[in-house]
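Look at the two complexes coming up: chain A is in both, with chain B in one and chain C in the other.
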Partner chain A sequence: MSLKHAIRAATGLALAFVGTGATLAYFEESIPMSLNPLYAKTMADHRAQELVFDRLWFNDAITNELRSRVVQKYQVAEAGRAVEITVKSGIRWHNGQALSAKDVCFTVDAMLDPGTPSTVAAHYREFITGCEEKGPQVALVRFNRVLPKPRERLGFPILPASEFNSTAISPDLQFSARPIGTGPFNGKRGLRMVTFDAFANTHHMPKIVQMQLQEGGDPLVQTKTLINNNVQGIVVVPPPQRPDLSASDDVSMKAYDLRSWWYVSVNSNKGALSDKRVRQALNLVLNRNELRQYSIGVKPGDKNSPCEFISGPFIPASPYYNVEVPVQPNANLSRAEGLLKQAGLEKLGGRWHKDGQAITLRVGMLANLNHEAPDLLSQVANQLGAAGFDRLTSKISADEWDDSVMAGQSDFDLVIGKWSFGLVEEVNELFHSKGRQNMFRFASSEVDQLLAEYEDAVTDTEQRDAYHKLHKVLNDQLPYLFLWKLDTKSAWRTEVRGNIVAPYYYFTEIDAWSVEG
Partner chain B sequence: MRLRFTIVLAALAIGCGSEGEPSTATEKVYAAVDGALVSKTWPARMADDSVRSRFEGGEGWRAIFESDLQAAISAFSSGTDARGLARAHQGLADLYRQAALLSAHATVEAYGVDGLETDPTDLAYVIGVGHAIRGERDSALERLAAVDADGPFGARAKAWKAALSRESKIPDLKTLAAISGDLGEVTPGTDPAFSPEPDASLIERTEQAKAMAVMDPTRLLTRSAWHAAAASMSAPPTDSGVLAQVAARYAVGNPDPNTHVELPVDDAWLFCSNDLMAADVGFIAEASVKGIDAVTAWADKSVLAAAVKPAIIDGKVVPDEVLDAGFALQKQLQAMMADIGGGEQAFHRPFALRSRVAVLLAGMVVADANDQYRDAGILRLNALERMEQTGLDPVFALSVAAWDAGNRNPLRPEELTHQLKTSYPALFATRAPLEALHLRRSRNAGPSNPVH
Partner chain C sequence: MKRWWIRPLVRIGAAVSLPVIVPAVITVFIWSLPGDPASLICPPNVCGGTEALAERWNLDGGPVQFFLGWLSDAARLEFGNSWRLHQGFPVLELLETAIPTTLTLIALATAIVSLGGLGATMGWLPRRIDPILRVVGLVPALVLALAGAAIIELTFGFGSFSDSGRLARLAIGAAVLGLSDGAFTGAVLGTRTTFETESKQRYVGIAILRGEREMTNTWPNVAPALIGQLRARILHLLSGAVVVEVVLRIDGLGDLLWGGTLRQDFGVVLAAATLFAVVSAVLLLIQATAETLVALHVRKAPQGVRLEEGP
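== the complex of A and B ==
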């Protein structure tokens, strides 16, 4: 489709829904996979859910103050092993029912129910033991130990007891597409867009009547559509589009505090890739400078680059990043060749062979990442090809990613992806042999040992040292080929006022947003 | 006289037939300021080639334009422009003072508020210094009293206690240098070397007994005072009052409550700065204490005061109105620059964009003094975002980082200091407490999965 037609198509989609001045349409990275907070797997999920639900406690996007919109008062109880929460009266769910302590306890019970296969809930099971209704508005949440700052840990969204028959909540319920929350908007997920209709409440008074989330396609089309005021915002603006948008007085670039790093995950249980030396060779085959230049548009030496190489699973500004582990900005094909030969591979007719069979690498990339890093998949494949590997490439849909890759059932050799983090930068689930997000079931006793060291750390020094060691070991074992951190910027029309972007959750302060004119 | 300045925004209407074709336009009238005031601003005057020529072609002024203070020091070190050199040194003095404040906030929050039983007892020293920098003298003395007199920080704690018993403000360069180490003779045009070696290794009170590398925040104060002295030595004697007013913007501790007067200010202090004209320097110095009263007092002589004035409604600074005022001034300046320069030129927009940021910063200063902490924060973060277009001002960036650390938010400060560490290696001294704040907050935070 030509650019012109693409813009018209995007414009048409946007126009079909814009009715009043208080409607706001925006491009997201992808359509959320689920609007049920127990099943948030993408940042688009988290951002969309922030519009629909209230979290028990949250941090103010400006002052970082710990606040709650639903809790009237609280007190620490049972010598620090519980907190008694009184929820505000008069708050209504989107189905008209009143919010009560029953909902708080239902949410806790749902998270504790083994029949709820939620990775989000799994973490809460590690310290919450139960919830008791002490009155219509009073709930007592119990922990398995004394928590020094319990409110900071209780940031989960509250679910409506009235919408479920059981505390065992599965991801495929209608609730995931048409959720009921107490948040400022009532959301409905469709195939191509999600609409959020304002829901006035005692604790929310949104100024925007409707929000329309559309899947962002070609970044150039997104940019033109924004400049032409046919949408009012883009959540993730790829670096090449930023100068054009910065140059416009009609658009404001917004910083979005999100810690994201990109990687190529290696299937260390498959064929030649099970040999560490082969993974190390692949790491040396990649010319990250070229990948970054051709896909992100950042040249070597560019000042204040939004994209910085990494050598481990943290961004360079993180306390966990081990600065002593060097990055690999350029390819080193002769060293790569030496390692491949040591691993028993042979180069025949310019192609690498193992046990007489030519090696073909099946390389995939989460499809929507192609907007942020255009052609990254083909650039990686080209470099592998130039180094002597046959390869098959495919873009992976969000569903396939979730159902197959993350479930550890894919046949890929390499997958390109991105992980995002907030304040908590734990990577245990990615690299522990039993990690819930260990996509190729990478297993290393040394890594497991370091992750246990991190878990058992008494002080932050011990914790940081454990992750520094982990960084070093992962850079040697290479279950991932670490690429770069890429900062995230949004762009919003200047007609959108009061648009404070909250770190990680994005729409926490949406009540203050308005559309002028 | 107030002008009404009309800006037509070509807002593409819903229902247009093809891309880029505006079918209707919304017209918005922005309040803008008296043209006579605007004509005195440096962007307006720099539209005149003869005025601007002084700043063209010089490496030092290029560095100032690019907000690269370290490069400006080097470029001005030949002594060709005394005011340029003084300005660059003052910039570094401000930068390291804000870095000290960042370190102080992170230290007090991480090791004080979130202190652990396993922390080394002598961490009390850096907590005490942190309180002193924050202007909390009693807390400082209490913490410093707990430092082991025979430990690695014993002598330093004693010196700080003595200094604080004499006066509650931050000590002078001589005293600071005696505490944290001499940076050598103050020599304008140079920058003392920084050693990343820690000031002490303190042992955690755990089975593992790990060593914590600790850096004394006093080092940053000393560096700041050193550069302030270099600025004072570089500036012509006639500029001492101006220097004091310029320094007030990023002062730490109790601000000067005195009323300021409008001083004659050379363009070397204004070019590419957030003070758009001479009176703005005095206005900002006064507004940081007197808030809205300063706006009223200066609105007929300071363009920033005049721009902020309509954004004050019912005794409050309204952030959205300040944003509008900034945009209006930018547009007004662009139009005026085109008139003066005989047409639009490439440098007009970047210069005018700085005026927009300057208005946001002025609004922020007034809001802070008016006890509108959150509103000031909104303007602070908007100003930081707008610097995407003009280039990051390192001093302001550090001030945002310090403010964030005071709010117990370590993430943005980590990013900002990471971004600036190559140009300003001494910022390394802020890293340990920031890391501690991050790790301690992270340990108490709600669970979170990596998300794709």
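== the complex of A and C ==
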């Protein structure tokens, strides 16, 4: 058996070197902050980690079915409160050791260890209670309740027990820069570049020898570099650069199903914004058609627009999107004025006042979104100004975003951002009063109740119904002013073949990728 | 001046204390910030574990414990791993990359500046180019660095971090540092002015009448001033290196210091800032030594000089 595995691995490695022998260089949005899956924060982190690690279960990029490359079989145990997992034998870690049930249980224990300060782990702590090794390859993962679809919940990457001294995993361990996984590539982070060297295994046979990741920087330079064949791909191409790349015969654009939607989050705990009518008025002040035209370049009526307006926290193609809730493409200033007056605001000298004080809105935007939607912050501020609000604008760095805005410690009134989702578009953490990603601590018992309804739902229909109701309620309460969904596009040289782009994690099917010539 | 030794002594004192004072000030600064770095990794309301992290990073026992712990680790060259900037990288490894890079950058820029000084001393640079030098000296490092970064990115593309790309970054960075913010212009005009002022001294005129060379007489007297100027210029280049390294994405100490500060990676900041302090201390020691040598040379009793006997 082991000889068979060794032969397969050797063949794979030989194929990788002799068959195509290629290196693939590509531009990412940013250099990954950490290659440790427990500390993934950005999309660049998730995509890079997908090359290095195997997730227990994942969705097939084409059929959408749940698959696993590491699980041989599984069965629901303990009346639905546990899953018994048998991991495949013969799979090797990048350090040469064999994957076993010990690693699965170590990963679970690490996530449950209170000494692991990880937001990723915090999510799993909500429903996983422990793991028990039942045999060398058999692990029993226990939950705190009956999970209707346990495999969907177990999408975490497996960590090697042999690489850690303790289950308390801190972010500054060397593992964050030089991780060991069972994935198709062995990753190594440099100061300016991440390299991924092919690692043939029984379950992975990458055809590309090495992948090189670099931070993209200026979109125009990225575009020119790709057209001049100095790089093979760009993971995220901003809308203004798409026409140039589409016009090139040497480049093909690839749709990246990231399910991203843009919003203006409203600090519903601050001043006049705590009044729902003021938030509704702000929603009417925004002229989304103009915002879209001036920042993304999509004119009203453009066909095949990459940007569609939304009225709730899902993309229009999502089953959770409630089509009965209308979008607000244009401003309605007279209605907005009416709502503001009802809320007790006064317009003096063209500016809105509350209790004799002029209202000044602090508006922020995540700085790196400016590549995708240039000048959106100024455009939003201009529209607010035209409607009679004083405003202070600032761009928010990625670090400030994480440390201050997402931690609920910023004093902005409005922040412009973007959420991206995989196939599971769960928004509970965004809107629940105790949600980890509820940036302004919006609290509504009605919303909490609907989120609980979604959480307790057993069937897909029940889940969908709960989110449809949520969509409607959120469109009324408006903790966010929902803007649009914006398609994400990648660009790859035509020499890159078989490049199936998986939703969200991108490189799930990297084994099929090759470089011609 | 009988107490010529006071100035070098003060410099030596400053050189010895700087590498301790700088991390001490940073430690005070860390404690004056709201929250603690451990909670920045993951806010305590979101996930647990920040207490364990604070303990691991020695942040749980107050600033004195942290500072003394860091100092004793630093003495053994143990700086731990980067918390946030390059998560998981040993800080020592980062310094090992950064130090030679910054030293090369500064050395190249110093060479450019020194060539300017030498050119002015030897009269290779005519006065008619002074207006051009003054205009070049007005350009800020940031502007030149941005132009340099654009050239690098457009020329090298993805290969801008290959060996040749890195070399080009260094060369352009050194040129930017050496030319911008009046570095080259200051060296040329400053050195020339110093020599010209000294040449007007009466003793130089008498020496020339005695058939001695002007340079032999002026050099020992202007040397302390020139050494001081050079030290100031190198410090100026070190400060400019932060801007140049950040804009041109050169993996030097300045970039490390900037990135570490932005990301509140205090392990990196402490190490990088202390190294800056060490460089400054070394320069102070060199200056003190040079001043001492010049002072001893000037005060050395001349050989073979006979005093004229009175009538």
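What we mean here is this: the second predicted complex is superposed on the first by the 421 of 517 C-alpha atoms of A that agree within 3 Å, B and C clash if a C-alpha of one lies under 4 Å from a C-alpha of the other, contacts with A are read in each partner's own complex, and residues count from 1 in each chain.
To be clear about the criterion, a residue touches a chain if its C-beta (ideal position, glycine included) is under 8 Å from a C-beta of that chain, and two chains touch if they have at least 3 such contacts.
For clarity, every value in this text was computed on a predicted model and none was experimentally measured.
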Of the two partners chain B and chain C, more of chain A gets touched by chain B
- Task: Kindly classify A:33 by the partners it touches after superposition: chain B alone (first), chain C alone (second), both, or neither?
- Result: second
Practice prompt. Give one of first, second, both or neither to describe whether A:431 is in contact with chain B, with chain C, with both, or with none.
Written response: neither
First (chain B), second (chain C), both or neither touched by A:168
second
Check: With the two structures laid over each other on chain A, which partner does A:118 touch: chain B (first), chain C (second), both, or neither?
Finding: second
Can A:442 be said to touch chain B (first), chain C (second), both, or neither?
neither
(Q) Once chain A of both complexes is superposed, is A:454 in touch with chain B (first), chain C (second), both, or neither? (A) neither
**Request:** Based on the superposed arrangement, let me know which partner A:230 touches: chain B (first), chain C (second), both, or neither?
**Result:** both
*First (chain B), second (chain C), both or neither touched by A:178*: second
Chain B and chain C footprints on chain A meet at residues 119, 224-225, 228, 230, 436
Interface with chain C, chain A side, in the complex: residues 25, 27, 33-36, 39, 113-119, 121-122, 125, 168, 170-178, 189, 191-193, 212, 214, 217-218, 221, 224-225, 228, 230-231, 397, 399, 403, 407-409, 436
Note: in the complex, chain B contacts chain A through residues 9-16, 18-20, 26, 28, 116, 118-119, 204, 206-208, 210, 212, 319-320, 323, 327, 330-331, 373-374, 377-378, 381, 384-386, 388-389, 392, 404, 407-412, 414-415, 417-419, 434-436, 438-452
The answer for chain C against chain A in the complex is residues 38, 40-43, 45-50, 52-53, 56-57, 80-84, 86-90, 94, 97, 153-154, 157-159, 161, 249, 251, 262-264, 267
The answer for chain A against chain B in the complex is residues 4, 7-8, 11, 15, 18, 40-43, 45-46, 59-60, 62-65, 119-120, 123-124, 126, 147-149, 152-156, 224-225, 228-230, 246-247, 249-250, 252-255, 257, 259, 304, 316-319, 366, 401, 417-427, 429-430, 436-437, 458-465, 487, 489, 494-495, 497-498, 500, 503, 517
